[in-house]
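Chains: A, B, C, D, E and F, in written order; residue numbering restarts at 1 for each.
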């Protein structure tokens, strides 16, 4: 089994991403959407949440949400991959279950 | 001038209380309402937020919200005072401005 | 082999401040009629949902906490509480409602529904689910 | 002595994920007609509201970020950004829109609207306000 | 003292409406005047007459309406927020070519200026939200 | 693949509706079947026909309705959540003695069982919320 976890809140504002990372089994995938994409930016005081977890989990961000917020792909944490809505759909198909962390 | 700050979210879930404490001028009052009341319980990993700030700020919790959640007044952090809705109104009158941290 | 799917309800929100806790419980109760394998997990502020002694009289809204004790009658008896979330909030199992169910296979013996598990155990459990609903 | 009240709008939420940022800006624009003393503060994820280069085309919703540059024309020119919030997010002033206003008293000289201030300075400023609206 | 209240979230989903109602009742009891209650963001959804909540729970929309009638409170729904979310009175129905309206008795729809005015005219403005 | 979607927040206030719409469009384009969209919590407010959002912004409620018509998608509003929040169809109007209805074309009101059924019958259930 493999799970696609979605996280839609900034890790500066809420505990959602930290809950997801703590409770996601190794090998799972995490897709950051909506305000969740801020957590994927490097150089911040909470960039460590993804930095520390990226050995165990695969991280993705939703490109359209990155662009909407004026964030640059150059400044994403190393190893975080960008997908569009089509890629989001593919991730739901490739994994067995989707778990939204709300 | 004095400000009554209201905080309605748990400090375990959101950054609201920490923002309030950081940005409230010394001598101000903080009233915890709704899910904000959880932050006033002693013995938790984030009880330190209020413990560290209570020298500079006056902390209150809304009693009806404490009771609704099954929390006991005995376990409130030392120095946190309980008020009812009437006390909430009195606090808004005693202070010059009310600032809701949302 | 059973056709039943494994449904997991993850509860991360405190009660009353928002409606998610209560409307999640409504889903669980309706879902119980569908003969699926149901588990509930309470993590983060979700553990507050099960606090004993909730009394909403002064707020003037419905106290739905007694409904949790009916879960056993609906054959919902796999209730997981994350140890780390309890501890972070300075809580122990004694602060929570004692939820039980009656085991038909053992002459209706009363058994505990709640199991306290670590994050790691919960992560493994999540990984075996077919449908995960998060509230 | 002026009868004008001091209005402070505190913006703590990121744009687009929720509507608070946009509907807060709508209040500021309407409020500008009332001849009060208006300040805006951007703290925590609120600083993201002013990020340069926002492009919502692919999401398919309205990009309201150009509206911030109109604030100067509405005489809203006291815009405070918390230094600690910027730094925690790895951002600098260069990442944000450059907001300006024209000073009538100095022959319409163009001046910066944004001031980066510390938490302590912001706390003092909040303490002088008559009305605080938080979004 | 003259107090105004802003409600920023819809009924039931958040406690904001309930806390606001309890606060307002206590303020009236203490002899204060409620100058205005302004409903913004999803708060506009407090002003629907189409809700039928369960009998064993509080009826929030009706409670507002009764409070307004008993104490002559000005309940104002923000027009811009209401248009996004579908809260409609007679005027809005006609202006926008709708075939129904859903505003509750005691509420009126008006502009954001009413919030600013409440801030200017009242001694205190108290906000309840998410 | 058969995919169902749950939308847990109302239109405009949260991005959930928009993300759900974009996700569903991409899924359909990739050849997947949308078995059902279930609206829960404040999500029921997506199903109102009374909204008139600004011309320069997306019309979320109408977009749902058009999506349903174009791809024959089953849009289900939870009855319990709808009763608390005032989303009403013909049947609910009569049952609860209301004088108006506000359900948008293409939406229907039904029970929570429809969500569980979506979970059982679909290969994936994807939730969008706050």
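In this text, a contact is a pair of C-beta atoms (placed from the backbone, for glycine too) under 8 Å apart; a residue touches a chain by one contact, two chains touch by 3 or more.
Just so it is clear, the structure is predicted and the values come from calculations on it, not from any experiment.
Undergrad: What is the minimum number of touch steps required to go from chain A to chain D?
TA: The distance in steps between these two chains is 1.
Undergrad: Chains in contact with chain A and with chain B: which ones?
TA: Per touch definition, common to chain A and chain B: C, D.
Undergrad: Moving only between chains that touch, what is the shortest number of steps from chain A to chain E?
TA: Counted as steps through touching chains, the separation is 2.
Undergrad: Quick one: compare the interface residues of chain E with those of chain F and tell me same or different, with half as the dividing line.
TA: Same: when the shared numbers are divided by all numbers used, the fraction is over half.
Undergrad: Select the chain at the greatest separation from chain A, using centres from the mean of Cα atoms.
TA: Farthest from chain A by mean C-alpha position: E.
Undergrad: Which chain's centre, taken as the mean of its Cα atoms, is farthest from the centre of chain B?
TA: F
Undergrad: What whole-number Å value describes the gap between the mean CA coordinates of chain E and chain F?
TA: 25
Undergrad: How many angstrom between the C-alpha centroids of chain D and chain B?
TA: Centre separation, chain B to chain D: 27 Å.
Undergrad: Touching two or more other chains, which residues of chain D qualify?
TA: Where chain D meets two or more other chains at a single residue, that happens at 13, 16-20, 44, 59, 61, 131, 134.
Undergrad: Using the touch rule from the top of the page, what residues of chain B touch 2 or more other chains?
TA: In chain B, residues 8, 12-13, 15, 34-35, 64-65, 84, 97-98, 100, 102 touch at least two other chains, as defined above.
Undergrad: Identify all positions of chain E at which a residue touches two or more other chains, and write them in rising order.
TA: Only 12-13, 15, 22, 41, 54, 80, 125, 127, 129-130 qualify.
Undergrad: What chain-chain pairs meet the touch criterion?
TA: A-B, A-C, A-D, A-F, B-C, B-D, B-E, C-E, C-F, D-E, D-F, E-F
Undergrad: Once bound in the complex, which stretches of chain A touch chain B?
TA: Residues of chain A touching chain B: 12-15.
Undergrad: Where on chain E is chain F touching in the complex?
TA: Per the stated touch rule, the residues are 10-13, 41-42, 45, 48-54, 61, 80, 83-88, 92, 96, 98, 100-102.
Undergrad: What residues on chain A touch chain F, complex-wise?
TA: Counting only chain A, the residues touching chain F are 6, 8, 33-35, 62, 64-65, 84-86, 88-90, 92-93, 97-98, 100, 102.
Undergrad: Which residues, counting only chain F, touch chain C once they are in their complex?
TA: By the definition above, chain F touches chain C via 6, 40-41, 80-81, 111-113, 115-117, 119-120, 125, 127, 129.
Undergrad: Considering only the defined contacts, which chain E positions touch chain B in the complex?
TA: 1, 3, 8, 15-16, 19, 22-23, 25-27, 29-30, 32, 124-130
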